[in-house]
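Listed after this line are the structures, all set down as structure tokens.
In the two complexes below, subunit A is the common chain; its partner is subunit B in one and subunit C in the other.
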Partner chain A sequence: MLEGEGKMIRVENLTKVFTSGGIFSKNTIVAVDGVDFEIKKSEILALVGESGSGKSTIGKMMLKLLKPSGGQILLNDKDIYKIKNNKEFYSKVQGIFQDPYSSFNPIFKVDRIFKLIKQSFKKEVSSSEWEGRVEEVLKKVGLNVGDVLNKYIHQLSGGQLQRLLIARALLMDVDVLIADEITSMLDASTRVDVLEALLSLKEIGASILFITHDLSQAYYMSDKIVVLYKGSVVESGSIEKVFSNPMHPYTRMLLDSIPQLDRKWEEDRISVEDFDKSRAAWKEGLCKYIDRCPLADLNCVRPKLKLVEEDHYVACVKM
Partner chain B sequence: MVEIKGLKIYYKTLRGDAKALDDVTFTINDREILGIAGESGCGKSTLGNSLILLKPPMKYVSGEVRLNGERLPIDNTVEMRKYRYKKISLIPQYAMDALNPTRKIGGIIKDLVGQHRVKYEEIEGRLHERLRMVKLSKDILNMYPFELSGGMKQRLVLVISTLLNPDLLIADEVTSALDVSSQKAVSLMFKEFRDEKIVNSIVFITHDIAVLYQIADRIAIMYAGKVVEIGPTEEIMKNPLHPYTKALIKSLPNAGIRHTHQKLEGIPGHPPNLINPPEGCRFKDRCPFASDECLNEPPLVEVEPGRYVACWKVKGR
Partner chain C sequence: MKEFMYFAFKNTKFKIGLSILLFFLILATIGPYLSHYKDPLEYVSMSNLPPNKDNWLGTTTFGQDVFTQFVYGLRSTFFIGLFGGGLATIIGLLIGFIAGYKGGWIDEILMMLTNILIVIPTLALLIIIAAYLPYRGIGIQSVIIGLTAWPWTARAVRAQTLSLKSREFVNLAKITALPPLKIVLEEIAPNMMSYVVMVFILQFAGAILAAVGLDFIGLGPTRGISLGLMLQYSVLWNAIQLGIWWWFIPPGLAITMIVSSLYFLNIGLDEIFNPRLREE
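After this line comes the complex of A and B, so read on.
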């Protein structure tokens, strides 16, 4: 095997259970329920689903910000929770989140932020070489060196800050980047620049988890997709296959709901959530999507992911 | 019908007035959904808010707004009370998070209509019927707001804000915080409320042009406090005329486009400072077609029947 070929991040049977309540009444919520996927080198995997489906929880667990209740996360075949040296871990895995203003220290200027990365992670690089590298990556993400280096965070726009975070990941030469809704606070005109910058990170060989609720963006960016519903994977595989031939009723409904620029919505197909029948259904061991699914009946026992064609998995007993 | 003529609304700041809405003129027709789109800071929310309440540092400078021929006293917060909620209703951004968490939903509605001297019993039948329209059970009146999901709350807010059958409903970013499936349901319910004549006209403010394409009859594009283009939805989307509209539509990823096939383009630069906006066209610094004539401000003129554009470069003027 060539060096670097096997580098990837893999998630196996990942589970997270949150408990709430006190001594007398204890509620448990299964936020992530046995999720598997892997992201290879230079691959972007889109993780999509509605709010509360567990997307961000998965992202946080992969960043070691939240401990899984079960399953494991393997970075180059090594359990990330067994990597005791956090500095070593975070030099390989980084995250970018929705609100860029809260990701930076507001009392530092941008050049200081880049110097701190050198001090913490790249001590071996000489200062002059580092400055050259900083300039190079800023250019790569479409930022003008003079426009950003001497500025405080509040003097920059959201789009510029998100690109700075990507530049930071480029400088650190990360293996894995978790991008959690990184464009949802941005305007359409700046959103594209951030997406392009993210693609430059893919070029250098990073594995990217692209968490989004915007399916058009997911399709634009990604190679693979995982569709989550209430913590479980309902459909996954190559993004071309899932988008051209969606099999799960939930994926179909999601794709139907995308507001497109050349086709109007079919107005008779509205899906709205109702009261919490779902939780009861879940306890009875039935499919979690049963309360909203047009095809559902009582034979819909909790389905397992099945291969339907090459590189395309669906979890639905009706398939 | 609502006519807005030469409306100027500024924000007072220590460094001078920010000209958030500068000489805006257009009409909202009867039975119409008018979509307003633009980037953050373009004045779209200011426009919606100014028709309801001028909260300082917002101030009225000039211009007028007429509702069915009657001049609205938008510069007089006390006089406006007669119109608010009854004739013009606003769903502000994040309205769904503004429901009192300590009151049951029925109680919130009772308080609200009471403020406008309407008895709850009078509108109770109507309330139940409307809840049915948005597919909510009337049991929610006995629940607290936090027991509902975002989509359910937004549907509830739609019902509450239209209980007195206003002429004009202004909806500010009502679908932005929702998932695609709820976004579709909520948007189509707004359309249904218009079709069922519960409200006469709707102004639908959003940054998401794709949603406007689905439900709006006409679209107005705003940039830096100005309306730069307005026209029928289909024509704006298929054949945008203003360079800003063109760039904006080009920057949107549509389902079915991959980066390996087609690269999207952003708009370089950023919107001007509204305290000292540049002379002439406000888009000229980011515009690939800009020339000397753009140093003069282009007026919004009708270039085809029903299509208005503010750009010197658009043919047909």
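After this line comes the complex of A and C, so read on.
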């Protein structure tokens, strides 16, 4: 893959608009609004934001599970929606979903997910060799073969199921992995094992989109970060720069909300002022964060991302 | 399966329904071999004989053997239930799966078609179609019934498919590059198996009743015999007024019992498949 060296997956002006309702009352919701980012080889990009900010929607679009309303997703400079062969695409790009319980078909035993991969992508591997590989990846994610194979979903815990899904992704040796809140169902002790497994995938050259709302995990895992608010990027750049010098009021608020072990919650957090930025003031063309921003006034027109220092972009007119 | 059998044989409704159904099924299978006569419409004896040792259920006004008519009629009833109900189930499943899984304009068109068929009164449609066909056999009758009975099944299957396809395991199958047909058949359909079985049972009962209805108003098969035709003839020849009870009671009772047994089976299966309804 010489032509794609260094470049793996790039998202350009990605937009998703959901419409609901019928002919008479059409509602549109802009879930993702012109998002750009790029993940290079052996790089982990954290996509953070609150619930409903469009993180999972972006992940689904990158897995071709949702069609974008606008923009492009380029895998090694090739539009993924132009790759018609699904087997070819999914042998390179894989995902792990949020909810391990609904990721398995309750009718079948859980190890069916491995059999399906072999059928779809690894026909050439012999059965005995395949079993060896499965055992190996299960060990890697801290699972005991006897504990999980030949079981039904209701016989396993959420953590075990989630690790099975990660093992599945590891088996595929993919180029791009979309990991959507994969630790949300895990307890603290297994969380680290799972994150380490992801890091080992990065070491063998995969690009990983790490979707999370946990900023400390994002910091632990990633090289770059993209902060989303209501479908738009408010701040992005190298993880060190964004964490050491957060510029956007929303990012600052997020970083301030990380619980610290050594101190109680302090009152000096940025608070939302009593400022008339109610919904009446919110109109097209103004900053989306206006109703919660302590710095905002009615002159805050919708900002574009701008470079504030090397590898650090912010979308705020006050910066 | 083991679990299913365990709960099935603990459920009284299921057991009652299954026993009655099996009784009639066995009677329909071996009955014609027990009867002394081969042709249910043949003149075999004096007319209007009450049950006796040669004619176990007596004879009709035309001297036909009621038992022979009854067992052959049972056969056609089961045939119509199986084929008419089966056809309706298959069409309903197909349309429901396609509409639910594909979505978009395919869904819109299929659902429009379905809704139109729901709105048209089925009985009127059946009468018109049946009246247009000069010769009608049991087969044609079951096809007509099958072709008009599927809309509710299609709608219900579509709704279930819509809910199942938003589950993550369907997404996981998609990113495993499984083709759509395989996803529907292997991921979605098995999760609806219990529902499909129940739909088939209801369609089976519905087809039997629809056929009896058509027979009774004179639009039944022009050849052969069925339980509905027996009822129609007995009414036409005043069996009720003349007290020839052995002519109309057996088919009437059999239809009622078969349909009731199917409803019992349906309720029983619902309790077996749905853990929340299981009797402790």
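General observations
The definition used in the following text is that the second predicted complex is superposed on the first by the 288 of 319 C-alpha atoms of A that agree within 3 Å, B and C clash if a C-alpha of one lies under 4 Å from a C-alpha of the other, contacts with A are read in each partner's own complex, and residues count from 1 in each chain.
The working rule: contacts are C-beta pairs under 8 Å (C-beta built on N, C-alpha and C of every residue); 3 or more make two chains touch, one makes a residue touch a chain.
All of these numbers come straight from a predicted model, not from anything done at the bench.
On the shared subunit subunit A, the superposed partners subunit B and subunit C are arranged side by side without overlap.
Touch criterion not met for A:301: it reaches neither subunit B nor subunit C. By the touch criterion stated above, A:120 is placed in contact with subunit C alone, subunit B being left untouched.
Subunit A has more of its residues touched by B than by the other of subunit B and subunit C. Applying the stated contact rule after C-alpha superposition, one finds that A:107 touches subunit C and leaves subunit B untouched. Taking the C-alpha centre of subunit A as the apex, the lines running to the C-alpha centres of subunit B and subunit C meet at 80 degrees, rounded to a multiple of 10.
Of the two partner chains placed by superposition, only subunit C is touched by A:86; subunit B is not.
Applying the stated contact rule after C-alpha superposition, one finds that A:99 touches subunit C and leaves subunit B untouched. Superposing the two structures on chain A brings subunit B to within 11 Å of subunit C, judged by their nearest Cα atoms.
When the two complexes are laid over each other on chain A, subunit A has no residue in contact with both subunit B and subunit C.
By the touch criterion given at the top, residues 60, 63-65, 86-87, 89-91, 93-95, 97-99, 102-108, 113, 116-117, 120-121, 165 of subunit A touch subunit C in their complex. Of all residues in subunit B, those touching subunit A in their complex are 39-40, 135, 137, 139, 149-152, 155, 179-185, 187-188, 207-211, 213-214, 237, 247-249, 251-259, 263-267, 270. Those residues of subunit A that touch subunit B in the shared complex are 50-51, 157, 187-193, 195-196, 199, 213-217, 219-221, 243, 253-262, 264-265, 267, 270-275.
For subunit C in complex with subunit A, the residues that touch the partner chain are 167-169, 171-178, 187, 190-191.
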